[in-house]
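Chain nomenclature is as follows: A, B, C and D, assigned in order of appearance, with residue numbering initiated at 1 for each chain independently.
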Amino acid sequence: MATILKGVYAPIGTPFVNEEVAYDQLESNVKKYARSKLTGYLAIGSNGECVHLSEKEKLKALEIIVANKADHQKVMAGSSVESTRLTIELCKKVAAIGADFASILTPSYFKGKLNDAAMSKYFLDVADGSPIPVVGYNAPGFTGVTISVGVLKAMAAHENIVGVKDTSPGMIGSYLRATLHLDFDVLSGTANTLFPAMMMGATGGIVSLANAYPDVCVALYEKCIAGDIKGAQDLHLLLGQLNGACSGSYGVAGVKYASEVAGFYGGDPRLPLLPLKESDKQAIRDGIAGVDLSAYR
Amino acid sequence: MATILKGVYAPIGTPFVNEEVAYDQLESNVKKYARSKLTGYLAIGSNGECVHLSEKEKLKALEIIVANKADHQKVMAGSSVESTRLTIELCKKVAAIGADFASILTPSYFKGKLNDAAMSKYFLDVADGSPIPVVGYNAPGFTGVTISVGVLKAMAAHENIVGVKDTSPGMIGSYLRATLHLDFDVLSGTANTLFPAMMMGATGGIVSLANAYPDVCVALYEKCIAGDIKGAQDLHLLLGQLNGACSGSYGVAGVKYASEVAGFYGGDPRLPLLPLKESDKQAIRDGIAGVDLSAYR
Amino acid sequence: MATILKGVYAPIGTPFVNEEVAYDQLESNVKKYARSKLTGYLAIGSNGECVHLSEKEKLKALEIIVANKADHQKVMAGSSVESTRLTIELCKKVAAIGADFASILTPSYFKGKLNDAAMSKYFLDVADGSPIPVVGYNAPGFTGVTISVGVLKAMAAHENIVGVKDTSPGMIGSYLRATLHLDFDVLSGTANTLFPAMMMGATGGIVSLANAYPDVCVALYEKCIAGDIKGAQDLHLLLGQLNGACSGSYGVAGVKYASEVAGFYGGDPRLPLLPLKESDKQAIRDGIAGVDLSAYR
Amino acid sequence: MATILKGVYAPIGTPFVNEEVAYDQLESNVKKYARSKLTGYLAIGSNGECVHLSEKEKLKALEIIVANKADHQKVMAGSSVESTRLTIELCKKVAAIGADFASILTPSYFKGKLNDAAMSKYFLDVADGSPIPVVGYNAPGFTGVTISVGVLKAMAAHENIVGVKDTSPGMIGSYLRATLHLDFDVLSGTANTLFPAMMMGATGGIVSLANAYPDVCVALYEKCIAGDIKGAQDLHLLLGQLNGACSGSYGVAGVKYASEVAGFYGGDPRLPLLPLKESDKQAIRDGIAGVDLSAYR
């Protein structure tokens, strides 16, 4: 089975200055990431606050990421906007800009009527219409909707759907069992589960912690690939502590601040997400300081 | 206390033909509604499938509704798009077209971080920036998020927030207790609760059943206002049966089909919402046929 | 249609002193309630902390309630213990002591497997086996399980199931629509919804606020029966404020303390429910003091 | 750190014949399990349908398990009954019969009031009162309640609480991070997560699949301990398929039937859990037949 999705992707944040997208800071961040070992980027996804951006802003951010990444790095673009028709239109636009994959979140607004038949048809229709391969995105914490194993199997049978990213607390084991011998890749959606997911067959992850610590996340990936289980267990624990200190408690704003501490531009999220309080920032700094990463740098 | 929001609003649907917005059918529907007793319309709201429309489509639909309504009828426009900044921009656009009120749904994507402080600030910021009065919209069935009583009180204290529409199963009693003696109106969001909500102090409703049966819904409103409790109880039961037959079981697609049965253009929802099966349509026709509305026409 | 369940029942609390059931205080409380206008009691129900009691304690508490109530007052006894077999055994025991009705909560532990078929069979089997009429109890806030309208209809068709008590946020309207013309009574499970529920056809309520304010709750019931809608609306608001001050914020412990303030024995709940802090008690006293009930005494 | 809980425990089922506990079949089953490699048993737990049993039945079932197990096997007894006081009483009774550990589920009925303070106090009070070591049990699928990491840390600091069993979809990683360097063991509660949990530091599992396939579950445990990651991955997949075929789709009834297929007495669960239909049994047999376990026997 060919593996198309593998390695570690950073779900890159969208920088703001006074609520305006700071494209220059985005460019500067991407140029730094381009020197890391990251396999690629999820552009204008959840951590990119896609829901806070106009289409114009989304596409301009994507252009900058595509233009400034390393040549070998891949770009997955958040391309879903609830209706099948507009999602396909967006897939075409991001493909034209140079995205390699379209990340497609479940529709969710009319969740009571989005049964397996509707959900399967959505993903298959989008895959039919998208000029680039589709990666499904399961994020019940944001949407209140879960991709069922039945829908996943329908997705896996479509040649233009190459995998799924799972950020749910517990579906990844079922996803892997359902698709392990198919041409379909499963990515972990959080550093907390990257290690156990890879033990069960995941081919990598799209993890927000990579926005702040790209090479340390890649190090965990490489230990798993190399079969260094003891080393992976140890690093899994450290990354879990780091992740708990920023993303776990503070979400997008925490990830941005951790990135800032790590030398990238962070900044505040766009409202209605509130900026962190100074005490929150101190807690994140303390949390980070409590994790000894010296062996991984 | 001045009552600004009162009466029955229809959350008018967006007609599609082959996935394209059928503006001509929308115009034709609005011209029929203009001859009803409806107080007004919720344009490009949930039943208008706002989440399935591009901004351009939304604004053109709104223009048609504003242009074809009766002079005395009011238009509330669904104007929220998750981020504070883009929501305010949309409020300005719908105001320029002639909307009387901006209907503002709770943001919900980053629900884990949208605490009361963030939610209150969102509504107050939007109210500051909107050139037209704001009506909050509580719809946990769609969003997974509920406007707390604390947030509602903050909203009620802002002079540019005039009320709230509640479609939750059980918040309306608390909302009414919290605001009954304030300049703040509470509207029921479904025909199922219009009667008990008005008994407790609601000033009307925005109910999808009015898309198919505008004057029968207004009849219930008028009985409540007139103190005809026995008549209101009877009609409440009939409307509950009707509502169960279409909206209750089939959501937006059911409301559209019931409207079609009642003489308006209905049509299918936009994908990913699936069109009704013929057996579903038969069930709706049977359900409607089982309700004797002859006394209310 | 004969109405079997009507009026106001108090879901009487179980008094504890140092974690031991204080049967003498229970007797004293019941003797006071016997002089009120209450229709009856729910004994050893949720507010009686039935889940915290041994069977021996439950039956002894029931004996005291039966022995000390007024002759015309009815006793409903919480009689469900998850399995069909043991629930029927308990129904027989409470019937032998003199309970008039068995209050049967939904089983819930294996909620994933308790579909409508299992739930219907449970209620029908219990009704077959119980020597006294059964009242269903829908309490998703405690159980995570809801009696569906389909199950309710099956229950209503059994001659030994006479009604249902609903404490959910929003099922009571559907329950009433489904059963209004049947020999089946629907009771509100909270003072917050007693008025709107009765407007829609409920025949009374089992409301924890009646533990502290029996005759004021009965006054609301009587206004509804008498058609004094304006008076009922006003009292509904006052009771909602009272209820929010005690039960709404503090649950069983709050109801007990409100009862104490009103002249009954209250005391702490049994652990793991924590006793109220002094500041909580002050907040309850302040909340109560803010509600002017002088017109209703 | 001493490891007290390790290996594979079977959460042994309670056999019924015509709704009566079939103690003879239980004895026969335990004698077979005694010849397996199981570390021990969870007696009268969820799979033992403890909620369907009277206390007398529970204790008699426990006596039989204690009397017929192999000498070296351990017995954990489900000992929680919602209130602190009665839970401690039950701990004393199971200890007197010979249980080695008391399995203590979260209380859950008054979930709205069982905050971290109440939950911590519950576990600490029970641990103070129990003559045998306590194992916490986190089962939000049954209870709607989750042991927070904060509560878990409080538990881990008590010398009479030796570990936790987690059956939630996603807490086990956090539990392990919070306690890995403490004298506190974390057990997986399902065969689906036994392998990844052990990779992250779990010391074993209490898995219903062991009721049907004790030695195959032990084989997975042993591969993890031996560091045979590839072998563990393969077996993890097979066990996941097996588990999905019985427990995953059919719960307790499915586990019982799979045990029957495997040569134990199964039988129906007690009502309200419905017996399997013949078509369900066929599906389980087909599912089992599709998994090749020949290498593990």
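Criterion: contacts are C-beta pairs under 8 Å (C-beta built on N, C-alpha and C of every residue); 3 or more make two chains touch, one makes a residue touch a chain.
All of these numbers come straight from a predicted model, not from anything done at the bench.
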* Which chains are shared contacts of chain A and chain D? -> none
* To do: Tell me which chain's centre, taken as the mean of its C-alpha atoms, is farthest from chain B.
  => D
* To do: Taking A-D as the reference interface, identify its repeat among B-C, C-D or A-B, namely the pair sharing over half of the contact pairs by residue number.
  => B-C
* Copies chain B and chain C touch via same or different residues, half shared test -> same
* Asked: Once you find the CA centre of chain B and the CA centre of chain D, what distance in Å lies between them?
  -> 49
* So, what's the distance in Å between the C-alpha centres of chain B and chain A? -> 35
* Which chain C residues reach two or more other chains? -> none
* Who touches whom among the chains? -> A-B, A-D, B-C, C-D
* Structure fact -> Within their complex, chain C touches chain D through residues 19, 46, 49, 51-54, 82-86, 107, 109-114, 117-119, 121-122, 125, 141-142, 144, 250-253, 270-274
* Asked: Mind pulling up the chain B residues that touch chain C in the complex?
  -> 168-171, 173-174, 177, 180, 192-193, 195-197, 199-201, 227, 229, 233, 236-237, 240-241, 244
